[in-house]
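Working notes, beginning with the structure itself.
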Amino acid sequence: MTTQASSPVSGPARGGDVLLRVEDLVKHFPVKSSQLVHRGPRDYVHAVDGVSLEIRKGETLGLVGETGCGKSTLARCVARLYDITSGRIEFEGIDITRLPASKMRPLRREMQMIFQDPYGSLNPRRRVGSIIGDPFAIHRTASGADRKRRVQHLMELVGLNPEHYNRFPAEFSGGQRQRIGVARALAFSPKLIICDEPVSALDVSIQAQIINLLADLQSELGLTYIFIAHDLSVVRHVSDRVAVMYLGKITEQAPVEQMWAHPRHPYTDALLSAVPVPDPASLDRRERIILVGDVPSPINPPSGCRFHPRCPKAQQKCVDEVPEFIPRLGDEAAHLTACHFPVADGEDISKARPAISADLRVVESSIPEGSLTGISGGDGP
Amino acid sequence: MTRFLIRRALQGLFVMWLMTVTVFLIFFVGPGPSSVARVLAGRNATAIQVAAVSHRLFLDRPVWDQYFHWIGLSHLFGLSPDPGLLQGNLGYDYYHSQSVNTVLKSALPITLSVVLGAAILWLAMGLASGIVSAVKTRSLWDRSFTTLALTFYSMPTFVLGLLLILGLYYEFTIHHIGIFPAPGTWVPFSSNPLKWAQALILPWLTLALVSAATYTRLTRGSMLDVFGEDYIRTARSKGMSERRLILRHNLRSALTPVVTQFGLDVGVLIGGAVITETVFGLPGIGFTAVRAINQQDLPVVIGVVIVASAGVIVANLIVDILYAVLDPRVRLH
Amino acid sequence: MSYNVGDAVAVSTIEEAPIAVVAEGEAAKKIEGRSPWVLAWRRLRRDRAAMIALGVIGLIVLMALFAPAIAAVLGHGVYQQFRGTNPAGLTPLGQPVGPSSTFWMGTDDQGRDIFVRIAYGARISLFVGVVATAVTVAGGLVLGLAAGYFGGIVDSLIARFFDWLLAVPFLLLAISLISVVTVHPIGPLRPGLPVVIVVLGFFGWAAVGRIVRGQVLSIREREYIEAARALGARPWRIMFIDIAPNLLAQLIVYSTLLIPVTIVGEASLSFLGVGILPPTADWGEMISTSQNYYLYGSWWYLVFPSLALLITTLAFNIFGDGVRDAFDPRGDLFV
């Protein structure tokens, strides 16, 4: 199996120096076995299988994929909440891959996370002021009245009433709780904020508010974001560049408008075709690309290009060879695709049929206990 | 399933081993090397006897050597003629000049009579009152049973025992109603079953009333929990009669925690019926142990502690296995 | 972006409407009351049985606190033996004297005022009950947190320790340990109060520890714990500041119900002669000594200490039940 090409180049549009560099990150989870003593090789969930990224200061990288593609795992690996199986993570030039907790701690002020679940990411038994003030307490930078003042300032910054300092999370709505999460992440004005599906659990109208909040904060405080989501329209709105993940690997990466205008990977094409369009007339005219089959199990990923069992353009080469992650069809250097037969401009793949035998396409679509289940993103509304 | 059983059995053996180490530490190491022989030989031992004990138990040797000897590993490997724990020898009672096994052999049936008899009684009482309380929630039955349960639950065993003796035995006897024999009477089952039971009524009542209280509460709570479950609601809406509902569906799942608790309690009581035995003067293994402690006859105490812990561990194992049989979810963990 | 009273705020859903755009005081009062502790307390106050039980506990505490005052008022010291004739604490034959206007609950075999001794005995029972329970809960909490949070080998070791602890026959081992210690003290374990508290406290660790461990295992996976780790919090901080507060309610209920068990445990140990050493007044010891006398006419010697023990335990149990129901009112919902 050939690995992906060395570090891709960031787009020129936004960005100063490289803030975060990820090289060939691999994260495998051993599948829990009920055996007392181990016999034979163990099974692993290939959550992330060789991802390389670069993030520049000031930009927003959108990371999309279906549930189970590994994007949340990738986020947690980057934030060093997990130890990684192999690869390298560099933050501001420092190799943080195997940094012990004590050395990692000061760096955590620069890199923060916002979580998906507004109901689960806040401790229900603690008051909001205490939750937001946690960073100050943990790093012992402020206490007492000083801490309270800073916390209230943060609350105002995110649009919460600072008088609610002593309330419990249960007394806030979903959107407000997410703001609390944002406030907590902002305590030290970190350089990088990893947003793990921050709006997926909110009503659509509230989503807009939170997204606008994040955008405002970015310009005010000069933040850099990794924005993870499964909703493409949200990602389009916030990102400078977008990366698409599938089954632990990145399939396509490009500046946002490039990706929408010239999607190269069939998977990207399928995703885009499923995005709801407000105009019913154009909806009728558009051909939906429907992917067959379920997401294969990450314990035993398909050979070659992992997408081949569901790809309408699949051919024998896709089963045998892992495609390189390079610019295709004359794209610019910032637009990278891992596909042997990328989609040309104007090509309609809804009518395409794969050119490999049916039995080769049948892979393990039953997902064993404990692994991640996925919704195929190609089946639109 | 077999894997689960093996694992549980191994765990049980491990804990048993830990127990022997603990006992050894407390009794052979705790008192300090110079005093151990004296302590083990008993209060009445002469100097010569102490020396003999010291030699016989290899107390001049290093600690782990003593342990191997005591536990019977030395005998197993042919290094010593004296059988140890592994061979079933619980030690020698120097105070009474007999083997501990003999002492316990006469004491164990008494404890078992008391505990098992009471156990049946309290299980019946607890289940019956618990079920009635659960079915007729908030009725007079429920409230009375719950209050009684609470009262007996709050009563220490020895208080109830003594009060029962005062109230029943004393009052009846001074009025010449001889239903209850004097506390301390023991008639083996084999010689006269009726008198055996008669002597045990008060101890049974004492132990049973206090324990039943827990079971009333447990059964009631467990059944109420199950009542709220959806599958009960489904069965009821399908038209099943209430009685059948209770007996077939509710009871079976509600009983699981009760049964497991029962197993554990019986296991614990084998060693813990000390108080009941003491109050009623029944020389079961608990009472024997307490008397031995007062006489500083420690080999007997050691023997009892080993037997009692073994009882608990075995009971735990049985309960775990039962639970795995009843509830398949447990096996998969 | 702060809000002021009277602001007209455009909101897209009702959900988003800021709660505070009402008169501050009113809103504060209405919302502040929703703290789970306040709710539980309110429920508890409405439970009449529990409140009566609390009153009884209060009386017992007062009696314990003012025991010396009671002794002084009555003129009967707690160790004072009335073997003479004025007042006569023993019959001419040397037997205890029954309840009278002088000795409200009669005397014991040494002519001492039982009522005064019961008052002093309350001190022991309450003290041991509370302190030993505290030892149990504290130890169990720490062990359970460590086992649940760290997992791996720490968990295995602690779990084995719990297994062992639960297999040990409590009474027998307590008695053995205490008897060994009486002959030859081991470290801080001295006969009497210290060893009793240690033994009673120590043996409860397994029960509490297992419950805590189970809870920690499920809480550990919650996202707010991940968030705390992402912030760089140290493990012990996460355990005590993030996880433990979620256990607090359950621990309070458990403690309240554990106190009567501990009181009975202490009385049992003293009854068997391995607890509090005489001549200190202790209910268990009094009941034990009464065994030689109560069948020969001195019923008060058995009955009054028994009642004291029973009422105390009952009160704590009823109150404990009330506390449990206050935190978990599920029981009310059943038809």
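Letters A, B and C name the chains as they come in the text, with residue numbers starting at 1 for each one.
Methods note: contacts are C-beta pairs under 8 Å (C-beta built on N, C-alpha and C of every residue); 3 or more make two chains touch, one makes a residue touch a chain.
No experiment lies behind these values; they were computed from the predicted model shown.
K.L.:
What chain is the most remote from chain C, judged by the mean position of CA atoms in each chain?
P.N.:
A
K.L.:
Averaging the CA atoms per chain, pick out the one whose centre lands closest to the mean of every protein CA shown.
P.N.:
Per-chain C-alpha centroids compared to the overall one single out C.
K.L.:
Hey, how far is the Cα centre of chain B from the one of chain C, in Å?
P.N.:
25
K.L.:
Could you please state the distance in Å, as a whole number, between where the Cα atoms of chain A are centred and where those of chain C are centred?
P.N.:
The separation of the two C-alpha centroids amounts to 51 Å.
K.L.:
In whole angstrom, how far does the Cα centroid of chain A sit from the Cα centroid of chain B?
P.N.:
Taking the mean C-alpha position of each chain, the two centres sit 58 Å apart.
K.L.:
Two or more other chains touching the same residue: where does that happen in chain B?
P.N.:
none
K.L.:
Along chain C, where are the residues that touch chain A in the complex?
P.N.:
Interface residues on chain C, with respect to chain A: 1-3, 12-13, 15-16, 18-20, 24, 31-32, 34-36, 222-224, 226-234, 237, 241-242, 245-246, 248.
K.L.:
Give every residue of chain B touching chain C within the complex, in rising order.
P.N.:
11, 14-16, 18-19, 22, 26-27, 30-32, 35, 39, 137, 150-151, 153-159, 162-163, 165-166, 170, 224, 227-228, 268, 270-272, 274-275, 278-279, 286, 289-290, 293-294, 296, 298, 301, 304-305, 308-309, 312-313, 316
K.L.:
In the complex, go through chain C and note every residue touching chain B.
P.N.:
Listed in rising order, the residues of chain C that touch chain B are 160, 163-164, 166-173, 175-177, 179-180, 183-184, 186, 260, 264, 267-268, 271-274, 287-288, 290-291, 294-295, 299, 302-303, 306, 309-310, 313-314, 316-318, 321, 331, 333-335.
K.L.:
Which residues of chain A touch chain C in the complex?
P.N.:
76, 79, 81, 101, 104-106, 108-109, 112-113, 115-117, 120-126, 134-135, 138-139, 156-157, 159, 161-164, 166-168, 170-176, 181, 184, 203, 205-206, 208-209
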